[in-house]
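Structure incoming, see below.
Each chain carries a letter (A, B, C and D) given by its place in the written order, and its residues are counted from 1.
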Amino acid sequence: MTLWYEDPIKLIANWLFGLMLGWGMPVDTANFVLTLLGAAFLGVVPLLFCIFLIWYERKLLGRIQDRFGPNRVGPWGIFQPFADMLKIFIKEFITPQGADVVPYNLAPILSVASVLLIWAVVPFSMTMMGVNLNVGLSFIIGCGGLGLLAIILAGYGSNNKYALLGGMRAVAQLISYEVPMVMSLLVPVMLSGSLGVNDIVQKQTVPYIILAPVAALIFFITSVAESGRAPFDLVEAESEIVAGFNTEYSGLKFGFFFVAEFLHAFTISLLFSTLFLGGWRGPFTDQVPLLGFVYLVVKTFIVYFLVILFRGSLPRFRIDQMMDLNWKLLTPLSLVTLLITALLANPLSGMPLLQAVALFLVNLAALVVLMSWAERKMPRKRKIVAKTRPLATPNQQDQLSA
Amino acid sequence: MSGLQIAFLLIGAITLFAAVITVSSRKIMHAALWLILALGAVAAVFATLEAGFFAAIQIAIYVGAIAILIIFAVMLTRRAMEDSGPQLNSTWPAALVISAGVLTGLVILLSSWGGFETRSMALPPTGENIAALGTALVDMNGYVVPFEVASLLLIAALVGAIFVASEPKGK
Amino acid sequence: MIPLSWYLIFAACLFCVGLYGVMARKNAIAILMGVELMLNAVNVNLLAFWRYLWFTKVDGQVFVAIVLVAAAAEAVVGLALIISAYRRRNTVAAEEMDMLKG
Amino acid sequence: MLNDWLYVGVFFVIAMLLPGVAIAIAGLLSPKKPDPAKSSTYECGIETVGPSWVQFKAQYYIFTLIFLVFDVETVLLFPWAVAYNQLPFFAILEGIVFVLILLGGLVYAWRKRALEWI
């Protein structure tokens, strides 16, 4: 007998299964219908949740920038995204001349799907998850590949120079940051000995942020870059390339690119707390497994808050700086972290405490050494192209009249 | 006919259709996009073979990397190959005949082979053993030499490609 | 379950489509696409044999990994050569790349 | 195992269908007043000059190339990392040599100034 606080989803599923068998449905069909229902549920929930996320992020960004954020529609402006959604739903679709129709229309769909797919393998509690895939992490990397494809399709399909340029730039950014991300993901895989996401959570008696702080840092930075938001939002640098790959989109198609972006930001927080903060692990999860879900939500929102803070407080990179950061700092750092973990983790695996302390310290040492080396090797070169001149000097007459 | 068989036929039909368009499309960019569909569908074929690791890697490598490399190459060489001229060699009927001949030969050869109708045995419930694959890759009596050589091969390819593809200095 | 023959015939078809692409296309990049299709057909075969005949061993999977590496190296070098030839000769048609003919 | 992938397939179809259906519904609801000026290519108000297929610089290609090499190496590194806990020290050293070769490739690209954006 499953109790409600163990796994409510399973309880409902069992009840539905009994109901369907009672209608005289064969077992296979009932199973398939259940799979279908479960998948539909898991697909709809993030999309609806995204409405809340948009409000939350706008409100928080407003507070960071000393504004109110949305505050007109409903208490604390909570119905603002619904109003926006209604508006964007009934806007006209404008398809530009000479657009390649199939790639053009497929792109927003694929960009949402590539983010949604990640939710299939994330464990929400000990037993609540879409599917416990034994190769979950490589699956997640594959989903990133689909996201790239969506951007290429959008850039190519809309027959616009700026869209194409923005798309190519976005792809160059995303593929570059995928290298250190994959390398930093190798560290949890090494420590847990599995590619399955739930297995990784189950092996995390000590959260991996302690065993692999540098890998966690790299994963955080690179996955923010993968989601394409500030400070890595060169994809949509308005001042340089009109609006990036989504220049020619309108109405809901445009909206879905943003749904994908907001959802991606939340999904990376979810992944970070799953892979490095212990996921659903916490006290008393053995007795009350549903508590694991609460822990995961709390951890995820803490990380999500950081992601928004990141966005609100840092200025945008220039594209060459961004590439330098990736290839000349993050990639060597991730490789070095991989080497250190490979050298230390296995010989010390008999002594968990010593292993944790040693890995933590050595990781930090590597970070400090590499950072100071980078600081020395790569001084912030500034090319002076013109004499600086004061921009808004109040001239004499203004001062006099004032 | 079971559900799995129907799924396989569907996936196989999609793959072959996409592959045929890849080799016959006049627009090289469309050929590249159809190639991506074909490669993605091959990943689904891998999934029906319960080779989940390679299904995921197929998407990550082929769709996420090789296809993008091809698309970039198409864009870089855009001016040379307008989509208006003939895209096929003058000898394409001969190519068609040869490929059809190879296909017939392969099918005849395969159907005369004894193990043609083998049914698969069930995998253990944990799925394919990735750890065993990893162990074999670095085992002295296993595949350690190909493992290291593969890495050297890739680095050699990297070195060569950077040398060949970077802009000439004088420009 | 799916009989092994389906996979083998599927792979043979894919291989021959790729072969046709390699022989018939003019554009060197399209030829490389054909090669990728052929390599994928090989991988399907390797994995099918692994799954149906030797799934207790890992050799089939190792071969697939090595084929993937070879395919990537081939794509990297091949496309770089095409781009280089394009810079010098302003063409990507394979039959016009005859610099070595003398 | 196969059931897991069935689920992934079903989920993929649903994840494509949900936004697709939403866009289709929005397409039915939305007004349709086509206009040549509206559907012309957007370029900050000026007329588009030339084809939208602009030439790209080779640097995009070089970065993709380096990325591809690193990405493919992970095919071999992932199984090694999964097996890591069961490996003897010597086998771990082989993996380390592998990573070092990778690092050598990165250093080469750096020295060749292939990592510079401009």
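The definition used in the following text is that a residue touches a chain if its C-beta (ideal position, glycine included) is under 8 Å from a C-beta of that chain, and two chains touch if they have at least 3 such contacts.
As the structure is a computational prediction, the values presented were derived from the model and not from experiment.
Chemist: Could you tell me which chain's Cα centre is nearest to the average position of every protein Cα atom shown?
Modeler: D
Chemist: Of the pairs C-D and A-D, which shows more C-beta pairs in contact?
Modeler: So, comparing the two chain pairs, more contacts are at A-D.
Chemist: How many Å are there between the centre of subunit C and the centre of subunit D, using C-alpha atoms for each centre?
Modeler: It comes to 21 Å between the two C-alpha centres.
Chemist: State, to the nearest whole Å, the distance from the C-alpha centre of subunit A to the C-alpha centre of subunit D.
Modeler: 15
Chemist: I'd like to verify one number: the distance from the centre of subunit A to the centre of subunit B, where each centre is the average of its C-alpha atoms, in whole angstrom.
Modeler: 29
Chemist: So, what's the distance in Å between the C-alpha centres of subunit C and subunit A?
Modeler: The computed centroid separation for subunit A versus subunit C comes out at 34 Å.
Chemist: Tell me, which residues of subunit A touch at least two other chains?
Modeler: Those would be 133-134, 138-139, 141, 168, 171, 175, 178, 193, 195.
Chemist: Would you give the residues of subunit D that are in contact with at least 2 other chains, written as numbers and ranges?
Modeler: 1, 4, 8, 53, 56, 58, 60-61, 64-69, 71-72, 75-76, 78-79, 81-84, 86-87, 92, 95, 102, 109, in rising order.
Chemist: Got the subunit B residues that touch at least 2 other chains?
Modeler: Where subunit B meets two or more other chains at a single residue, that happens at 4, 48, 50, 52-53, 55, 57-58, 60-61, 64-66, 68-69, 72-73, 75-76, 79, 123, 127-128, 130-133, 137, 150, 154, 157-158, 161-162, 165.
Chemist: Write out all the pairs of touching chains, ordered by chain label.
Modeler: A-B, A-D, B-C, B-D, C-D
Chemist: Show me the residue ranges of subunit C that touch subunit D in the complex, using the header's touch definition.
Modeler: That would be residues 65, 68-69, 72-73, 75-76, 79-80, 83 of subunit C.
Chemist: Which residues of subunit D touch subunit C in their complex?
Modeler: 58, 61, 65, 68-69, 71-72, 75-76, 79
Chemist: Which residues, counting only subunit D, touch subunit A once they are in their complex?
Modeler: Touch residues, subunit D against subunit A: 1, 4, 6-8, 10-12, 14-16, 18-20, 22-23, 25-27, 29-33, 36, 38-44, 48, 52-54, 56, 60, 63-64, 66-67, 70-71, 74, 77-78, 81-87, 89, 92, 95-96, 99-100, 102-103, 106, 109-110, 115-118.
Chemist: How about subunit A: which of its residues touch subunit B in the complex?
Modeler: Interface residues on the subunit A side: 103, 133-135, 138-139, 141-142, 144-146, 148-149, 152-153, 156, 168, 171, 175, 178, 193, 195.
Chemist: Looking at the complex, which residues from subunit A come into contact with subunit D?
Modeler: 35-36, 38-40, 42-44, 47, 88-98, 105, 108-110, 112-113, 116-117, 120, 130-134, 137-139, 141, 159-162, 164-165, 168, 171-172, 175-176, 178-179, 182-183, 186, 189-190, 193-195, 242, 247-248, 251-253, 256, 259, 319-320, 323-324, 327-328, 331-332, 335, 338-339, 342-343, 345-347, 349
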